[in-house]
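Next up: some structures, all given as structure tokens.
Heads up, the next two complexes both have chain A, just with different partners, chain B and then chain C.
Moving on, here comes the complex of A and B:
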């Protein structure tokens, strides 16, 4: 194992526990951090816009807070617009979703209040650049347009908290979700809603049904798509596992729209990366390498994995465990839960992490 | 951190003490603000809260942890069930302990944290408040006692939003020749 080393740079978000971060798709030295006072249990939220000072990555990038926006309730997630360089959307503990123009001050430019409980995840579509998705503890998933007053679509087919949602980077109509019921689901937004049969034979209102449902284990807290391998998704869950799934194995057929899966098909991960000592709170595939994945955990560490080593381990009947070669780096400079992680889109191998220790760190994936 | 937590888990059965009332009173006034307990309770309750557990569940978990920690540290064997039963019996007859004398342990914790904030700020930058005391204030409906919550009414920005001016650079995987495998679907 590689010995611990200090971050390349760190930035305090005094009084606010980090919840997640996002690198700007437009500016190489800009990132944003969503945070909450009092560990997100109660109290205010704060959106931090940070930048790396002159000198870029080496030797001293000087990560610093450029601007802040305060909110009544804690902020749990965020996503930059893929169409507008100044826009960013945040997910809030009071169920609200806010759109910010970071060139302005103080107040959001939009506010939506359709979710009835904590919004835990937001994700902007990388191809259909005018839409984003949200998922909530109210069991619903919604798709939004920044200029519309109400959501475009609501998916009602989950029966537990939906902790994560993410659009495919290759197909704008595919949306994956991770839920407290322990399943990873794939939705095809081109499909018509189906009228299901609810409890006691009552007819449920029409809603979109998943084209694939995979049992992950534990509660699924996070997921991310591989950027180079279509239909490959990683999950992180409360069973401490990081798992990689090939959804091609799980969906029935690939035509104009995807058809519902056959039971039992593709229900096993192609890799299970074990090493975290507590629940895995975030996973992120590298934007530059098909095989690299970063994870953040309640065990106060972030880790970098070589997924291909994990796949080989799985194929030989041995899930990759710490030391077997799949784990490339353990980053342990945080002193609290590490809950947010993201790879720079412009500096290959540069990772940012944010934690409940009220710090955001920059570090190198390979040490 | 692993080595610090070991002793709690491997503690031998503490010796039984006769004066139960005194022990329970000791438990009630025990100072749980030490870093070892605070780190432990965060790692237990944090994930619970994050996964949507009810406040009742959180409160019970927190109380169980306190009883367990108290037993391990002091050697006074107390079970959670026993403590709950004692609390129930004594609630009716107990004197209301408003203010300083008996001392509300939560207020005590918060006061400690505040003091620490002012005295140690330059050296250690402690947490804004104890996680445990925040949980207890929430579960007992005393969120008004949590310091520093600002009232920020929702207001939509009256400034004219900016117009997009930049073309988004391609993502690393969108650059020519970056794709490792052919896509399954075309669109």
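Moving on, here comes the complex of A and C:
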């Protein structure tokens, strides 16, 4: 194992525990951090816009806070607009979703308050660049248009907090969600909603049925799509596992209609990467390599994995701790829960992580 | 704020590593044991109610038929028939005949289980364990008791047993004695017992009036005692206008044992009845297109001093929660059999349960307690209530004589 090394750069967000970060898809040296006072348990939130100083990555890029926006309740997640270079959407503990223009000051340009509990995840569609999704502890998932006052779609399928949602980078109508009910679900937004029957025979409002449902093991806290392999998704869960799923197995063939879900098929991950000592809070596939995945955990470390080695290990027997040689890096310079992670879109191999130690670090995936 | 803390604490809970948590039990696996049908007969007062002329074998046959009709499954799928019964003579013969007469093929054997008052529950557990062990894919479990037809047979233990252990000797004592012991040892007041019993009647009356029990009951045709037949379709032990003040006037049933708080009003009624479920592997239910009503997760049993046997649920429920990793607060509804109000009061208070989540449609004080049947009845009742409330997690528990 490669011994731990200090970050390339670090930036304090004094008094605010990091919850997640996102690199700008437009500016190579810009990233944003969603954070919360008092570890997000009670109190305010703050959106930090950070930039890498002159000198790019080496030797000392100098990660600096450029601008801040304060909110009434903690911020748990964020996503840059794929259409507008200055816009960011944030997920808040009070159930609100806010759209910010970072060129302006102080106040959000939009505010939506449809979720009834903490919003824990937001994701912008990078093909249909005019929509984004949110997921909440109120068990629902919603799809939004920045110019509309109300959500476009509400999905009521999970039976516990929905901790994660993400659009496929290959198909704008596929949305994956992960929940405390232990399931990874896949929705096809092109399908018509069906009218379900609720408890006591009451007719529930129409909602989308998932095209695939996978029992993950433990509560599912995060997920991400592989950027090169369509229908490959990674999950992180409370059972400490990072698992990789080939959803083609779960929904019965690519290119075919996604309406037939075959129960029993594709219920096993293609790789189970074991090594984290507590729940896995974030997973992120590399934008540059199909086989690289970064993860962040309550065990205060972030790790980098070679998924292909994990798949081989899985194929040749039971998954082993260390992912059968798949674990490529343990980053342990954080001193509290590591809960946010993201790969730079412009500098290959550069990773940012944010943690409850009120720090955001930049480091090299390969040491 | 507290909900955020508990949310994060649950994510860090090592029980989630081994699948010991509510989240892991909510995951649907092909090998899950699921209940696909529930039914019960009306519960009628022994010796004077609607089933007084119904023999045990007929009660069983009607129960089997009701379940088969409710489930609409092919009887040849049933690989074992398990019946909980405590005290009907030669019941092994009668259940086999009843099974065959109900149209269950002779290739499906029958099994009698008896763990006193929990026999119906143990019948369900026996079938569930067989499915979990991979021995069968589908089984039928009922509890049935015709208390009208109980033969009063005194029993006594050999001198060697009584001499060897006071606890062994205690096993020969009537259940009423154990109720008084619980009331005495844990200071359960007569007033509280009457209040709990009155609430049981009031809740059962409300449930009956709202038609809740009609959803559980399959009406059955039985002899009317005058050479003809009649249709019995409703419970007949519920007294709608019962109040704690009325119950306070009833004299002690066991004046010979202090504190003599137990009465005919705050103890379970003596009743005839049957209840049951059909269980199968989830993969089979999926194949047949049967929508699972519930998933069976686990069972825990616990022993204790015979002299206070009634407090058993206060030991078994924590054991079950520990075993499954489910937290008390995560349970939506409880059923605790009201053998006696003394033990019922003790268990609810000892476990710190919200009375609004326990026996929400009343219990044996109002509906009666056909010994072998009650465990299955509690499952039937609680599953219907979960469905009505759109809730998910239920625990059923009972105390067991000796």
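As a working rule, the second predicted complex is superposed on the first by the 357 of 367 C-alpha atoms of A that agree within 3 Å, B and C clash if a C-alpha of one lies under 4 Å from a C-alpha of the other, contacts with A are read in each partner's own complex, and residues count from 1 in each chain.
As a working rule, a residue touches a chain if its C-beta (ideal position, glycine included) is under 8 Å from a C-beta of that chain, and two chains touch if they have at least 3 such contacts.
If you're wondering where the values come from, they're calculated on a predicted model, not measured in any experiment.
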{"item": "Superposed partners chain B and chain C on chain A - clash or fit", "value": "clash"}
{"item": "Partner chain(s) touched by A:93 [first = chain B, second = chain C, both, neither]", "value": "second"}
{"item": "Partner chain in contact with A:181 - chain B first, chain C second, else both or neither", "value": "second"}
{"item": "First (chain B), second (chain C), both or neither touched by A:310", "value": "neither"}
{"item": "Contacts of A:126 with chain B and chain C, given as first, second, both or neither", "value": "first"}
{"item": "First (chain B), second (chain C), both or neither touched by A:240", "value": "second"}
{"item": "Partner chain(s) touched by A:7 [first = chain B, second = chain C, both, neither]", "value": "neither"}
{"item": "Which superposed partner A:161 touches (first chain B, second chain C, both, neither)", "value": "both"}
{"item": "Chain B versus chain C as contact partner of A:82, first or second or both or neither", "value": "first"}
{"item": "First, second, both or neither for A:269, with chain B first and chain C second", "value": "neither"}
{"item": "Contact breadth on chain A, by residue count: chain C or chain B", "value": "B"}
{"item": "Residues on chain A lying within both footprints (that of chain B and that of chain C)", "value": "40-42, 118, 137, 161, 180, 219, 221, 238, 278-279, 298"}
{"item": "In the complex, chain C residues that touch chain A", "value": "1, 4-5, 7-8, 10-13, 16-17, 19, 21, 23-24, 26-30, 283, 286, 387-392"}
{"item": "Residue ranges of chain A touching chain C (in the complex, touch as defined)", "value": "40-42, 93, 118, 137, 159-161, 180-183, 198-200, 215-219, 221, 238-240, 263-264, 278-279, 298"}
{"item": "Interfacial residue positions of chain A with respect to chain B in the complex", "value": "12, 14-15, 25-26, 37-44, 70-72, 82-87, 96, 101, 103-111, 118, 126-127, 129, 137, 161, 169-173, 180, 219, 221, 227-231, 238, 248, 254, 278-279, 281, 287-288, 290, 298, 300, 336-337, 345, 348, 356, 358"}
{"item": "Residue ranges of chain B touching chain A (in the complex, touch as defined)", "value": "1, 42-43, 46-47, 49-52, 125, 127-129, 131, 134-135, 137-138, 143, 146, 148-159, 161-162, 164-166, 168-169, 171-173, 178-181, 183-185, 187"}
